[in-house]
Amino acid sequence: MFPRPIDRSGFATQLGYQIIVPIALLIWLLPLIAIFMTSIRPAADINSGNVFGIPSRIALIENYIAVFTQSEALRYLTNSFLITIPTVIISVGLACLGGYALAIYRFKVALPLFFLFVAGNFVPYQILMVPVRDMSVQSGLYDTIQGQVLFHGAFQTGFCTLFMRNFIKALPFDLIESARIEGVKEWKIFWYVVLPLVRPAIAALSVLIFTFVWNDFFWANVLTQGESVKPITAGVRALNGQFVNNWHLVSAASLMAAMPPVAMFFLMQKHFIAGLTLGAVK
Amino acid sequence: GDLVINFDDLNPGPKKGFDDAVAQFQAENPDINVIVNNNDREAHKTAIRNFLTADAPDVTSWYPGNRMAPFVDAGLFEPVTDLWAEQGFNEDLAAIKPTMSRNGEIWGVPYSYYQWGVYYRKDLFDLLKIEEPKTWDELLSACAVMKENNVTPFTIGTKFLWTAAGVFDYINLRTNGYDVHNGLTAGEIKYTDPRIVKTFENWAQLIEECGFIDNHASMSWQDAIAPFANGDAAMYVMGNFSVDGYKNAGLTEDQIDFFQFPEITPGLPRAEEAPADAFFIPTNAKNKEDARKFLAFVARPDVQSKWNATIGQLPINSKATVGDDKFIQQGFETVSTAAGLAQFYDRDAPAAMAKAGMEGFQEFMLDTSKMMAILERLDGVQEEVYK
Amino acid sequence: MAVTDNAKIVTQASWLSRNKLTIAPWLFLLPALVYFAIYVVIPIFESIWLSFYEWNGLYLADGTSTASWVGFQNYIKLWDDPKFWMSLKNNVLWLLLFMLAVPAGLFIALFLNQKTPGMRLYKSLFFFPFVISQVVVGLIFGWFYNPDFGVVGSIWKALYCEETVNLLGNVTFRCSQTPPDILSSAEFATYGIIAAGLWPQIAYCMILYLTGLNNVAADQIEAGRLDGAKGWKMLWYIVLPQLRPATFIAVVVTVIGALRSFDMIAIMTQGGPYGSTNVLAYYMYETAISEYGERYGYGSAIATVLFIIMLFYISYFLWRMYQDEKGGR
Amino acid sequence: MSGVKITNAIKKYEAVQVIHGVDLQVDDGEFCVFVGPSGCGKSTLLRMIAGLEETTDGSIEIGNRDVTRADPADRGVAMVFQTYALYPHMTVAENMGFGLKMNGVPKAEIDRKVGEASQILKLDDYLDRKPKALSGGQRQRVAIGRAIVRGPEVFLFDEPLSNLDAELRVEMRVELARLHKEIGATMIYVTHDQVEAMTLADKIVVLRAGVVEQVGSPMQLYKNPDNKFVAGFIGSPGMNFVNGIVEAGAIKVDAFADRAVASTAKLPENGASVTVGIRPQHLRVDPKGSGLKVDLVEHLGGVTYIYLDAANGERIIVEASAEVDAPSYGSDVSVTFDDENVMLFDAKTEKRIR
Amino acid sequence: MSGVKITNAIKKYEAVQVIHGVDLQVDDGEFCVFVGPSGCGKSTLLRMIAGLEETTDGSIEIGNRDVTRADPADRGVAMVFQTYALYPHMTVAENMGFGLKMNGVPKAEIDRKVGEASQILKLDDYLDRKPKALSGGQRQRVAIGRAIVRGPEVFLFDEPLSNLDAELRVEMRVELARLHKEIGATMIYVTHDQVEAMTLADKIVVLRAGVVEQVGSPMQLYKNPDNKFVAGFIGSPGMNFVNGIVEAGAIKVDAFADRAVASTAKLPENGASVTVGIRPQHLRVDPKGSGLKVDLVEHLGGVTYIYLDAANGERIIVEASAEVDAPSYGSDVSVTFDDENVMLFDAKTEKRIR
């Protein structure tokens, strides 16, 4: 282990470390803490310039209720879920199939096709923007939840396929061969042997994609126009325009937008990090 | 049948005005089923480009001037020249007719406009014994008094650029007049033209001798109300829609007042900024017959009177009556006596030009010494855009 | 009759089963492939194609496009467009400064790579910024930088301003110096946004390095200790070389993050003041679909340039991957 | 009848040929072991029989059916992998029954078969465990169980014991031998562990570089190898090889202090070089002799290995019983042996001279 | 003087104690091997000597210096890891020279020392390669070279050969023995391969559960083990153990068909249980006898193992020379042996009864 485990050093060093870490964390998260503090301040504090100090009163509930009652926040949140969850299902589902094909079968174009997915995954969004937007408009998917789901689903399929393919490739190939000798049909191998084994990958991927899509802002701008289908990220921006100078409400709304991915991260931490590093590093 | 109307304002006042009007229209035409899609203004700007082709409503709100040009050129709006003739709009709406026209046809029917000018803290002026300035020099000396008393003369928030364009438009209108404004936005006059340079020099003088609040580039127009409301700044060059904002910030009608932007070049006919809102019929509309009915309806004097009273703006129909709000009154006075009505820099100039121009204005406000460099750059853009 | 029928079925079935390893992959792959092609692959080419047109995004009433072919005109315009160069310059700035996330992430990872009680929780808290939407990060930092209501403003007021009352008796501040307006200053705004962007990016690199450090071979560290390598020498000679995969991926994601920098700019400055914080990604968006844009051909040309820049990294990444694959099964 | 008959089997991976025309007959019920150095094509040949690799040319018959192009599932074979290839998400019972279940065998019958197999393999108590919760040996047994359940005509094993530690390996080896006796099916077994090959096989196939070097029973190969490769490969420690020169109907060997080795074999003409092979067990150290220097003595308890260096650099290993006093390091000795234990090989072709 | 002296060394991981007070003296130039079952603390003890694990209590001296709390780099030890722990990003030469470089040795001297070591280890041709491009044996040699270059007083090896295949292992074993002879440094070597222990060691330390069971030369341990554990651990195949009952100054053993075993040892009182041990080499099968059933016969070429089952379930392995005709499977036999080869152990304490 590097650096040298701290518990091997003297008591003073250990104590010092135990003290420094929380302080460093505090500084690191200062922006978050600040907006949290702001989000529980009453409006009066903001106006009187009490941005940093102790809130004069904890207005947590009041502020968060205000966000919901005075804006479309609830709808934005709902939209975000409506966009994110189907996207996760579509992209992960397709990627399982595609990744299986690319990982298990030896065919000539497997590698080029795989690279196509990988490359597509790194493409700057902007190069897709005009055609995708135009296509959505033409097909009536513009400014709909489905339109966003379909696009995100396709785009994330690239990353998911990269991820699943590498994961499946790392499975012992013997398992597949063993099943083939036993006369198990290809799709049954996929269903009964591979799928159960890639469950951790599916979990990791799902959390990751959830976060990616939840946090999307660009496509929300490109593919929607109205309030009715905006996700929370774009919504928060709109709220920012609406709650001018009401920083306590903007903060509350921002935190709300951040909450689901953060919660997701906390609940599925292991998977999340596995996903990030596995997907990227492998 | 169904009449689909796309409208573009979700703010409570305008929404109510529109809803009321629709309700009245519906009442008058029980056979027509009005379906309203009301959208946020910015969203509407994006949406219209698509829905005109893909999913056209029967009526949509939009803006005259250069803003309607691309749609007109692409044949996406239905000309309503005949409707104007039928309904006598040519007389009743005469002031707005030029901006509603393009390529020899008239393309829509306006329902409202509003004035621009200088809103100020009357209580501050009173305290400092300053009169509403009528001329440039009066303005400058008023500023001097304010500055002595630690009051910043002007507030503004230029984060979203267009507010600076309002200031520019006024100084330009007062320095050079209506025709130069039109010439410039039509790409006929270069930005390095001595007349425009003069405008900028005057602006520089205003910045130098009057001054705007600090950090305006990081503020929206709403943000900029705060120092105004607090009494740290005394004046605000703005459109009439801002009155609501002042009131929300806790100011009463007694504390604020309005004056016309002071004269700069003496004797120049006075032109004003007065952006209009209008309704158009898309070419792909399904129910054009009822759409025309609606357009005729919104131009009616009684409708416009009531509607504008609700939204605190000015009716366009000369037969309409004006609300008794003090700002409306003053605005009506200002606009109706103006020698020319400008839409707004970003509505009169094509989009690409407007964007570049407004960025230039903002940059200029932050550093007046870059004036010539900015103007030369704008010339370059102009050449490109109007090619 | 029946016999021949049967024979047919048998041969067909056997053809299928003989070729099932050829057909099966395509059946599994097809949905993802078609779907991905429609939304990602084909649009790339459409965009490139469109960059040779001038188009305001409108269709005529009958649905035909108003686009007109202009050849390389858009690219020629780009060459003369100061905003393009400004954006490109900013992109380079992003690229360079964003790289700081890599050593910074490493540093924090080293700092946190201990097994004291509660460390797991600390690590995950350190990771927070990455999970949060860039929109929120942008808002937070925008507020941080705000010279009037924000944190910078508050600090400034505490340092350089005194509270007085103005003419009307309202509380106000008189400052001996105007506070820095980071996001409105052409010089500093970009740095301000990059700093905000670095926050989550550092967290990202940190997590990559933390997992990397987890996998550092203990025996090599021990061998190093026996060889007398300590502290920085250990880091430099033994740990860092082992962290190469983590470093590689940290660089890749950072480059991509830098080139994709859109959200922060959209939230914090919209490319302003007067275009000084523009980057290609945002400029493209602005040109194509913002209120003052609607120049789709030109926007596509910008996107194409961005794509070509990214293509270098993509190719490099694929090349590395190919090297790895050659070794594998 | 379920022997395996391979006729002129050839395997190419694109340009590279790895199996160069193998002919082989494995009889019904026989335990056949493939041995050979790493990379010689043992696994490939086995996988060709299983159908996991396509046979480029030649034919493979199982129980008189030509299965060269048949699907793995239709060949009546079961395979036990080196890695066991157990499905980690299934219990032992599910693992064993999976193939049957997928082929639509009724549940009751699956249960019965799994029960039988698990009894044979003493896995009854573990049927509900996941592979993770089993020891290496138990996993190995499950893998075998999975093969048994399907009642194949031919069992294929690819180094099934190489992932086990030494002790378990011995245990499982004994168990495999018993299993073969019990079910009597044809088994083909790949290993590069000599001991496994010697102890398990009815028939050993020695492969080198994709070619069959010799086929025979363990003792045949040990006592009567066809060539130097087989002689060196079978037996541990390996056979000693030294150079000899044919001289007047006998062989003069440098390393044996020019002691002439008599031979009943058909010797080549005088002066020809031959390779002389003799197993360490057949050598005795003569401390009174000279010509060989003691380089190293390894006491293993029951047995002692003595490493001797000849003047010409050749090295000879002598296996002595522990009771014999070993010569001391560096001392000059010679070796004695019975001439009948000497084998001769052609120095060039490495073929046995008989 | 660079022996190693360990006095009452204790190692605890938090609550768990894994080394329970070890006293050990390794003389200068001695080759000392730690053996013992997995998890007994061999590696831990070695790593304590290296300084990679802190010593909880007791002291460690190297060449008369107390190094109990010294930094690993300052102990004058070099270690060869089971995994070799080569730096994958450095060439062979860099790997070997790294320690010197870290200690500020001038480049020229590093080159000289690396050159020397690589000559000893025949690595000259590979100096510029990365470890990835080396075979297992070569890697192993680089790891040893890295140790040699630093000229340590004590070499520590932790199962250095266990990642090599059987053949290479033998080769490297011989090489290690030669190396020790050549440089004559103190070496401490951990293995659980018996053969390595027996052949390499001057002194074997048998560890069990963190306690030293016996220390001695290989032959001492083989011929004269202190307890059943050591007796069973040393020698392959392991010693046979069967139960016996003391009866009138001799021992009656069920498995030997009640043949009384005479003994010169101080026997406990009549009727007491003792464990009777005898090595497979010392047994001969008597086909005319009875009481043991032949369960399995394994021919290994030079030697044959015969597995016998006693009626009471005890199992006896007999090692016979290949020349002897093995009994057939299932036949009833008995064994014969010389009484002097029998060892007796207390049934409870497992201590040797001498």
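As written, the chains take the letters A, B, C, D and E, and residue 1 is the first residue of each chain.
FYI, a contact is a pair of C-beta atoms (placed from the backbone, for glycine too) under 8 Å apart; a residue touches a chain by one contact, two chains touch by 3 or more.
All values reported here derive from a predicted model rather than from experimental measurement.
Least step count on the touch graph, chain A to chain B: 1.
Each chain gets a centre from the mean of its Cα atoms; the one farthest from the centre of chain D is B.
Across C-E and A-C, the chain pair carrying more C-beta contacts is A-C.
Here the spacing of chain A and chain E, counted between their Cα centres, is 55 Å.
One simple way to say how far apart two chains are is to compare their mean CA positions; for chain B and chain E this gives 94 Å. Counting only residues that touch two or more partner chains, chain B has 46, 53, 223, 226. In chain D, the residues that reach two or more other chains under the touch definition are 71.
Multi-chain contact residues of chain A (touching two or more other chains): 245.
Across the complex, chain A is touched by residues 20-22, 24-29, 31-33, 35-36, 38-44, 46-48, 50, 57, 108, 110-116, 119, 122, 124-129, 131-137, 139-141, 143-144, 149-151, 153-154, 157, 171, 199, 204, 207-208, 211-213, 216, 218, 221, 231, 234-235, 238-239, 245-246, 249, 252-253, 256, 259-260, 262-263, 266-267, 280-281, 284-285, 288-289, 296, 299-300, 302-304, 306-307, 310, 313-314, 317-318, 321-322, 325, 328-329 of chain C.
On chain E, the positions that touch chain D within their shared complex are 165-166, 170, 174, 177-178, 194-195, 198-199, 218-219, 222, 234-236, 279-281, 296, 298-303, 307, 319, 321-322.
Across the complex, chain B meets chain C through its residues 42, 45-46, 49, 52-53, 70-71, 74-76, 123-124, 127-128, 149-151, 159-161, 214-219, 223, 226, 230-232, 282-284, 346, 351-352, 354-355, 359-360, 362-363, 366, 377, 380, 384. Taken together, the chain D residues at the contact with chain A in this complex read 50-52, 71-74, 77-79, 81-85, 87-89, 98-99, 102-103, 146, 150. Within the complex formed with chain B, the chain A residues making contact are 137-138, 140, 142-143, 225-227, 238, 241, 244-245.
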